[in-house]
Structure formats: C-alpha cells, structure tokens
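Shared chain: chain A. Partners: chain B in the first complex, chain C in the second.
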Partner chain A sequence: MKNENLYKYILGIADNSLILGQRLGELCGHGPNLETDIALTNINLDLIGQARSYYQYAAKLYGDNKQEDDIAFLRLEREYRNLLLVEQPNTHFGYVMARQFLFDIYHYLLMENLQHSKDETLVAIAKKGIKEVSYHKRFSSDWIKRLGDGTEESHAKVQEAINNLWRFTDEMFYLTEADKAVVDAGIGVDVSNLKETYYKKVSEVLTEATLQIPENKYFTKGGKEGLHTEHMGYILADLQYMQKTFPNMTW
Partner chain B sequence: MKKNWPLWEVFVRSKNGLEHRHFGSLHAADADMALENARDVYTRRNEGVSIWVVESKYITASNPADNGELFEPAQDKIYRHPTFYDLPDEVKHM
Partner chain C sequence: MTILLAPNIDRSLVPILETVSDPEIPVLTVLDLGVVREAVKRNGKVYIKLTPTYSGCPAMDVIGDDLKAAFANHGLKAEVELILTPAWSTDWMSEAGKRKMEAYGIAAPLEETADKAVLLGNAKLVKCTNCGSKNTRLVSQFGSTACKALFQCDDCQEPFDYFKCLK
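And then the complex of A and B:
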C-alpha cells in the first residue's frame, strides 16, 4: 500500500466513531426515557455515518478491492486504533455522559483542525461532521452540568465517572509514528497542540457543573497502537458476529 | 420513573414565511432540554427552520362540552359568511 501511514491515520479517527457508536447502540431501547434514548441513538448514527465516510476513503487507499465493511468488521483486535476511552462500558448514565463529554470536546477540536488539512477528502468529511459533533458537544456538556449541579446522587455518580475515565484522556494527544508522518505531510492534525485548549474547555464545563477536576498523575494509553482494555474483545464479538457467522453477508 | 418530567408541546416552522405548526409533544426537565429533545425527536430530517416549545400546562384548551356555543353559530345570520362576493377566476384557493 502506497499510503500506509495515511491509512492508519484515518483508522485512528474512524475507529473512535465506530466503537463509540457501537457502545451507544447498546443503549438503543434502554435509554432512561424515550427522548434521551432517541438522542443517544441519533448520536450513534451520526458517528457510524462518519465512520463509514472514513472507511470508504481508507478502502480506496488500500485498493485490492477492499470494501468499507471489510475494514469495519474484519480486523483483529490489535488492528483497531480507537482510544481506550471510547471502549469503556456504559456502567451507568453518568458514565455514558462523562465518556461522551470527554470525547466530544476532543472530537470537536479535532474536526475543527482537520478542516485545514491538505487532503480534500478529509476536509470534506470534517466539514460535514463538525455540525453533528458540535451538537454532540452541546448535548453532553448540558447533561454534565445537569447531573453535576443536580441532586446529591447525580452529582456523586457523574463525579465518579469523570474520576474513573480521566486517566484515558491523555491518550488523545499522543501521536503514533504513522500519525507523525501524516502530520508532517500537512494532512494530519498535530493533536499534541490541542491538549491545553482541551483541558481548559473541559475544566470550564466541570466547574460550571460544580464538579471537581481530577488531579491524576497516572494516565494510561495503548488504543492508538492497538493495545486495548479487556472490554474491546467483547465489543468486537458483538460487532463482528454477523460477518463471522455468515461470511460475506450483505444487506 | 416515579416523577415524570413535565410535558411540552412542540411547534416547528417548516420554512421561512410559513407559520409554526404543532408537531407533537415530549417530556423534558426544562425549556433548554425541551428544545434539544425537540431537535432529536422531530427535526432530524430537515423538517424546520425554527422551533417553539411551551409547557403543555400553559395551554388553555376549550372543553368539548362547550362546542355548541363556540363552533355552531346561528346559520340564519347569513351576512356573517362572505358568500355574496363574486370571486374573479384568477383568485385561486379561496
């Protein structure tokens, strides 16, 4: 493959959308009420839609008659490049919203910067996606404020989720070797530059939500290099079930 | 859910120049959430350019038992109906 670095870079963005979309999909029909259920499923569909655009582009780069579904469904765990954050389970609604919020703020910054890429396809995907992501960010930020500044119980639960997910945030700003090459080519976003703005924006919302900003010294990473948490295998078992049971099945 | 969120009525203007039309209702904790929920439940497919939400309890509805006095005017007062004008053919949709 000519553009192996770009291919890997695209998967690094696309897999976040796919895996978080899959996590939100698990909630379909299980939301706390009809309106929130629909909202979360809508976000899921936005993310899967974005993932498709990236996979179509990646399939074209790969050549060899590769299809978007092959990339989405037929990789091994080590070949998925999503952040550890997005594969964390839907423990309770506080976790669902904290995970979404921590990701959305990052996702928005990434899309904003990807619009200035030298790669026209990525620019087009980012321009389309940023409208959706901007809504996701508003939705999850509002919920963080609502839960944080809500009842004693909602405050405690969302604080617990923020504390436990915080250790996955630093990975967002890590660049793999492939990422570095794509950044040097003027195509990728140098995410290490987004770190300061990210924590500033996150802290603003948490403060308004009367939540404590965690002071972790320890962060964990690995997803971008294909080293996932124990949850990933279960997600893939669900996600890949159809293609593994009925190979080459299509709609 | 022991305590349900209050009910809201949703009105959507489908394009500029048209009036807001009643789309349906939903549950939300406050006005901001009602707008977001309206967006998710009713306007995901380019249905509108503007949304109004109002808590259902603020709508005063007529009682069907009063329909007689409200909606059945005396038919003998024909001068109340504009039926004495000849409409030119060019005027459509009247």
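And then the complex of A and C:
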C-alpha cells in the first residue's frame, strides 16, 4: 500500500462512526419512547453513512480490489482503531446520551478542522458530515441538560454516567505514529490542539445541566492502537456474524 | 473532483430523469430534490453525478438503480457516480417540488433562521399541512427519515413531517 499512514488515519476516524453506529443500532426498537428510538437510529444512520464514505476511500487507497465491506467487517479486533468511549455498552438512556454527548462534542471539533485538510476527499466527507454532527450534538446536549436538570433520579444517573465515561475522554487527543505523519503532511487534524476547547465546551453544557465536572485525572486509552476493552469482542461477534457465516455475502 | 455549483444537466435527458422519484417521497422527482448534479451524454452513454441528502440516506442506492433502469428502458446505458461535494442543501429543491411536498403532507423547509427558531426554540412558524394553522409544535427533532422532523398541529391535532432546512 502506498499510503499506509493515511489508510490507518482514515480508519481511526471511520471506526468511531461504525462502532458507535452499531451501538445505537442495538437500540433500534428499544428506545425509551418512539421519538427517542427514531432519533437514535437516525443518528446511527448518519454515522454508518459517514463510515461508508471513509471506508470507500480507504478501500481505494488499499487497492488490490479491496471493498468497503471487507474493511468494515473482516478485520481482527486489534485492527479496529476506534476510541474506547464509543464501544462502551448501552445501559440506561442517560448513559447512552452521556456517551453520545462526550463523543459529539469531539466529533464536531474534528469535522470542523478536517474541513481544512489538504485531502479533498476528506474535506468533502467532513463538509457533509459536519451538518449532521451539529444536529447530533444539539440533540445529545439538550438531553444532558434535560436529564441533569431534571428529577433527582435522572440527575444522579446522568452524573454517574458522565463520571464513569470521563476516563475515556483523554484518548481523543492522543496521536498514533500514523496520525502524526498524516498531520505533518497537512492532511490530518492535530487533535492534541482540540483538548482545551473540548473540555471548555463540555463543561459549559454540564454546568448548564447542573452537573459536576468530574475531577478524575485517571485516564485510560488504547483503542487508537487497537487495544480495546472487553466489550469490543462482543460487538464484533455481532457485527461480523453474517460475513463469517456466509463469507462474501452481499445484500 | 469537480465542484459543481449549478447542475450541469443535458436538456435532452430531462424527460427521462423526471420519471425517477425519491422512493421515500414519491411525489418528488430526483430533479425536484436537486440530487442530480450532472447528467451528460458522451459516446452514446449517460454519465450521472448524484449527491446524497444525508450521508447515510438509504434512498441513494435505490435512486442510483432506478436511474440506471430508467435509462435502460430507453436503450441507454447510464453510469452513476456518488459525489459528496458540494454538500447538498435544501436550497437546491425546486419550488414546484416544495409545493408538491406540501400537498403530499410534508411541510417544506423554512429558511435557515426560521428553521433554527422552530427546531431549537418553540417558534410557531411551520404551517400544518392539514389545516394550514401555524399553531404547531415540534414533537421530535428526528422523524421517519434523516431529512425530516416530527411536528404536531395544536389546532387540528394532526401529526405531520417537516422537511428540515439543510445548508
């Protein structure tokens, strides 16, 4: 492959959309009410759509007649480069919204900056995606405020979710060796620069939601290097089931 | 990648393009929607550039297949390419399309500021497609497809879809 670093870089972005999309897809028909159920699957659809655009591009870079589905479905766990945050399992709705909110703020900043990449395909995907992501961000931020500033129970539950997921946020700003090379080439986004803005934006919403900003300084990472939490294997078992059962099947 | 500001559509292909509609909103043709950004004939073959409304819009694959089938019916081979830039905007929908959509029961997109006011605030600007009242409210920011939000009329109680403004 001519541009292995760029290939890896693209997967680092695409896999977040795929895995979070898969998590939201699990909730289809299980949302707390019809409107939120539809909202979660709508967001899922946007994310899977974005992932497809990235995988199509990655497949082209890979050459060798590689297809988007091969990349989405036929990799080993260690080859997926998504953040640990997005693979965390669905528990209650407040937790799902906390995970979504922590990701959406980051996703928006990433798309905003990716629009200035030197790579025109990535610019096109980012320009399309940012319109969708800004809508996701609005939805999850609204829910954080509503639940945080809601009943005693919703407040406690969403606070606990934020506290629990906080340890996965620092990984967003970590650069792998491949990422660094792509940033140096003027194509990738130097995510380490987004950290300050990210925590500022997150804190603004949490404050408005009457929630505490966690003081936890212990962070865990590994997803971007392919080292995942124990939940990842279960997601892949589900995601890859059809391709493993009926190799090369198409819809 | 070429940036297309105005669709480059060969006039002779319009009658065939007009026969293909959005599978989700069948009253709208692909031209009404503004998703066909280029359609040209070269060496007896038709080349079409299609842009999605939303990244994950499942209608795109169907529209691509329908376009190929429509041209095949006229003995023409069509090649469809999906392009992402410039990103689709509701501004590209035709006025006739917006009217047809309203008659079909989907409120057409408002301009950007008004759209924000109804989706983020509680402004009453979307007209009920059933009774015409503006005494309507947002039920859900997300609707039956990626491009719509769900509204309800507080006068006639009818629930209806609103096509979101996208810029």
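Observations
In this text, the second predicted complex is superposed on the first by the 251 of 251 C-alpha atoms of A that agree within 3 Å, B and C clash if a C-alpha of one lies under 4 Å from a C-alpha of the other, contacts with A are read in each partner's own complex, and residues count from 1 in each chain.
One rule holds for everything that comes next: a residue touches a chain if its C-beta (ideal position, glycine included) is under 8 Å from a C-beta of that chain, and two chains touch if they have at least 3 such contacts.
Computed from a prediction, not measured in an experiment: that's the story for all the values here.
By the document's definition of touching, neither partner reaches A:Asn113: not chain B, not chain C.
Contacts of A:Ile48 after superposition on the shared chain: chain C is touched, whereas chain B is not. Touched residues of chain A, counted separately for chain B and chain C, are more numerous for C.
By the touch criterion defined above, A:Gln67 lies against neither chain B nor chain C after alignment on the C-alpha atoms of chain A. By the touch criterion defined above, A:Arg146 lies against chain B but remains apart from chain C after alignment on the C-alpha atoms of chain A. When the two complexes are overlaid on their common chain A, residue A:Ile125 makes contact with chain C while staying clear of chain B. Applying the stated contact rule after C-alpha superposition, one finds that A:Ala39 touches each of chain B and chain C. Comparing which residues of chain A touch chain B with which touch chain C, the overlap comprises 35-36, 38-39, 42, 135, 138-139.
Touching chain A in their complex are the following residues of chain C: 1, 52, 54-58, 83-88, 120, 139-144, 146, 150, 166-167. Of all residues in chain A, those touching chain C in their complex are 35-36, 38-39, 42-50, 52-53, 120-121, 123-125, 127-129, 131-132, 135, 138-139. Against chain A, the residues of chain B that register as touching in their complex are 1, 5, 26-29, 32-33, 36-37, 39-41, 44. Considering their complex, residues 32-36, 38-39, 42, 135, 138-139, 142, 146 of chain A touch chain B.
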